[in-house]
Amino acid sequence: MVDKRNLEEKINKVLEKIKIIDIHTHLFPPSFKDLFLYGIDYLLTYHYLIAETVRYLPISPDDFYNLSLKEQAELVWKTLFVDRSPISESARGIVTILTEVGVDFEKKDLSLIRAYFDKIDMESYVDLIFEKAKIDYVVMTNDPLDENEMKYWKCNIFKDKRFRPSLRLDRLINDWENIREYLKVKDYKEIKDHLDKWFLMIEPLYIALSFPPDFRYPDDMLRSRLLEEIMLYAEERKVPIALMIGAKRSVNPSLRLAGDSVGKSNIESIENLCRSFPNNKFMVTMLSRENQHELCVTARKFKNLMIFGCWWFLNTPSLIEEITKMRLELLGFSFIPQHSDARVLEQLIYKWKHSKEIIKKVLYDKYLALIRSGWTLKEEDIERDITQLFRKNFEDFIFSKQ
Amino acid sequence: MVDKRNLEEKINKVLEKIKIIDIHTHLFPPSFKDLFLYGIDYLLTYHYLIAETVRYLPISPDDFYNLSLKEQAELVWKTLFVDRSPISESARGIVTILTEVGVDFEKKDLSLIRAYFDKIDMESYVDLIFEKAKIDYVVMTNDPLDENEMKYWKCNIFKDKRFRPSLRLDRLINDWENIREYLKVKDYKEIKDHLDKWFLMIEPLYIALSFPPDFRYPDDMLRSRLLEEIMLYAEERKVPIALMIGAKRSVNPSLRLAGDSVGKSNIESIENLCRSFPNNKFMVTMLSRENQHELCVTARKFKNLMIFGCWWFLNTPSLIEEITKMRLELLGFSFIPQHSDARVLEQLIYKWKHSKEIIKKVLYDKYLALIRSGWTLKEEDIERDITQLFRKNFEDFIFSKQ
Amino acid sequence: MVDKRNLEEKINKVLEKIKIIDIHTHLFPPSFKDLFLYGIDYLLTYHYLIAETVRYLPISPDDFYNLSLKEQAELVWKTLFVDRSPISESARGIVTILTEVGVDFEKKDLSLIRAYFDKIDMESYVDLIFEKAKIDYVVMTNDPLDENEMKYWKCNIFKDKRFRPSLRLDRLINDWENIREYLKVKDYKEIKDHLDKWFLMIEPLYIALSFPPDFRYPDDMLRSRLLEEIMLYAEERKVPIALMIGAKRSVNPSLRLAGDSVGKSNIESIENLCRSFPNNKFMVTMLSRENQHELCVTARKFKNLMIFGCWWFLNTPSLIEEITKMRLELLGFSFIPQHSDARVLEQLIYKWKHSKEIIKKVLYDKYLALIRSGWTLKEEDIERDITQLFRKNFEDFIFSKQ
């Protein structure tokens, strides 16, 4: 039996053991060559860190991006790790990674750190990082309209159970006029054949789309017509649609990938989708803090809505904490607490270590309250509940007929 | 004198002793027969728990509601208490109730729990629950347009000081066309006689209305004309109007009572009401988290505005904590920290026990900060302050001439 | 080296020593005679406390303001300090001040407190308070259209390095029709000469403007044309423009200065300004809690945006805590954590003591997390980082060419 004295230890034990399904990343397997990113230079030039670095320096974003990858990494290292303490969430992330992989960085000498990454054994590296991050498998973001990515799919080399596909259709929706020509279709009613072709090639676990804060459903935009075609297809295939809502693209174009921002979105549109398409399954994450409470409440209303993750600017300790508390209090275990959004392999380590730290604390408080209310808690209960959060909710949702 | 070492004990002592006025519930006294709800089957089929249960099960809301009350209760019990840990706020509430009334539920056998409730002594049961929840009296929600409820008022049996009336006029405002015919009045200017009749029969402590997030004042909707008539009447009678704002009705109609959701409302409308009707007294609670800070600030602006409670989806530990902190910091003791919204008698136990736990913690932090700032605190100060929060603010506001 | 055991002590030491730059106050030096406010009667009649006091009393705001200053102070004292515990943030502020300056107030006898303030040595008083509050210098709010204030500028007596000027242009923008006549200019294109005259006389560190929640940029209001003229001028002079956004003026006019409220503002307008005027430097604070997260994110997008302070209704422990966490997590050290907004000299003591208490706690948590992630922290790192927050970010931004 679990009591106040051993509760923390029991939760730790389960969280150490659990094999996480990371349901949304931008990672690729080593077989995708140039798309497979790892190592200190990619880690330091993560767009999260570039945004922080340029704030401190008398350099324009354009001039920064004109530097070589190595020069960029050096500037980030000096600015955030030498001239200041790496206190932000993304900067501390680098510290966690270096510590966990066992690099000595006390001298703050980037060349010594690089030396470590130069010597890694590529054969076993993905397994090593997955093992350290306790990952079972990650879901990729696969764009059928990216020719660079598609060349790897077309040569059909992909057989790596550690990386599972999702079909990301942002370009289709956001750049329809060009895509239409590229696909040689007359109008949106003809995209089904393409969806089918992509689906069969990629075999995605779900179809994904991101939308800006001005997303509304229903409306009379072409965007909504395309979404409806996709929903129809997803229903047929019985796969969920993942909606990531609230990213405002290119608020500062000169910052490129680091130039997107956030806006509050319209929760009624989610309600409308879930109610009007009861045979579709929706996985939803929203980027605005001010949508989090109402999104939780909406999930209480619709069983075809699975909410997930603390996305991007919400992926910080204080916000993960408030969001996870809210979700457990309002939804019990019926949500997916986190995804990593990792773009560089080793980010899996810090994203999950940091998030699990917070989730552990929140679970501890909630289980303790439950014990104090008179509930008898067993170790296998904790294991069952946490498995539901980190694995079962996703797989059940993916495979459910709804 | 109170110091750091005995502060917690002193606050506990006062909170244990204080007789709470629960200013908004949906409870009725035993004399209202079928409207008087108590016992495990009603507790388990509370709409909060139904919403959580159906998320986990391959059952539609319609099929769920087609089950008998006992079958529904069994499904909730199995889903939230046997197959998972009851971690959500509403699920833990059941655990607290069972523990406090002294039922043994370790075997998780619902029939044993039912056996307890079958044997209770109905004569003294309300007193027992009130005693356990430390309630002085609760305010009911009395609907003069509900014929089922009105039959109890018309036979004039009501003499139960533990249950005080409020006059809830949602139907009048939301279903005016039908109500108008039912009341046989030509237009809204004629409702005064009805208000008067209801007022004299029910003798309410206040008049209550709930509004959706799209509530605006002023506007040219009939809703606002009706509200103005009611305000005029309330001013004459010197009773407050309680406004509960932000519930979006029937977002998922199939979930019935569990299908309502939340939306951010317009704070200017509250400002307009308080400023334009200085001789009216407004008790206001809002459902959106994103209205809580501005509602606090608005209360700083208008002394005819008394804010109250952490309503529904805000009635969870993390949100009660952030809201109560905000209120104490910005308003001192001039607000009503909580109401239970109980629909089933025993819910009084958990709603108040859980809320008082949080409020205690917040008060502790605030008093401690005050002591550290150099203030001399006495036990009778704590008693006076807490009495103001849980009793005096309400009664002063109800009886003030403004 | 700093570790878990001595971390708190090291942060304390730095925070005790640091000489703060208070970047926004409404203070004036003693040479500004009637504008220089200090002492218990002005402290007790701070508009924050008046708003709280009238909530409890059967007195109208008008009747309250018709009392003499001393009578008002007495009523505030009795209501918030004798009849209740001074639990709100502003009420506790008084307790902190009295304790820090060494007045004995245990008897709660206002005349004894007044006696203390009657006997202070005016010669050294400002230095004493600055020393207690650990202030290097404060920035005033200087209004060139306030004739009362301008008489002190015109006689050119101002030589007090403890008080630095800023040029506040609210009246110019909000009351343009009258100001236009007063300045004898035909249209907004002619204000440059006046800006120049004021700038040379006042030598401000920055130009400041406050805007209501309905502020939008771009739009076709005259307000935006005036703002553009001011931005042009500020660019030439290489001074920042401080924007304080979200105060809704005179929601309850009878409360005068205490009658302003808050509203959520439009973050796109900040994005538009920062992007369209890359040669301007913007210091921004917003009043709505619901703008804080998106304002943080916006600062990640624009290096010409320096966010600052927890303004007014956000200046309470729980909100300072959540905002400071968010900023450190998302921005590292690239923001200005607080300003006092003090109107009465001694308020510097409590505003900074309370804020530093919270900021210390947040920094402690963040540094501890960093140490636990494997970072080696030195005492001089803490000193460098905290100096950046409380001094360097402001001065670097003021003097940067951007």
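Just so it is clear, A, B and C label the chains in written order, and each chain counts residues from 1 on its own.
Rule of thumb we're sticking to: a contact is a pair of C-beta atoms (placed from the backbone, for glycine too) under 8 Å apart; a residue touches a chain by one contact, two chains touch by 3 or more.
This one's a predicted model, so the numbers in the text were calculated from it and none came from an experiment.
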item	value
Chain B against chain A, contact positions shared by both copies (same if over half, else different)	different
Angle of the C-alpha superposing rotation, chain A to chain C, to the nearest 5 degrees	120
Distance between the centres, which are taken as Cα means, of chain B and chain A, whole angstrom	39
Set of chain C residues in contact with two or more other chains	290
In the complex with chain B, residue positions of chain C that touch it	51-52, 54-56, 58, 80, 84-89, 91-92, 95-96, 98-99, 106, 251-252, 255, 258-259, 261-264, 288-290, 313, 316-319
Sites on chain C touched by chain A in the complex	267-268, 271, 274-275, 290, 293-294, 296-303, 322, 325-326, 328-334, 366-367, 369-370, 373-377, 381-382, 384-385, 388, 400-401
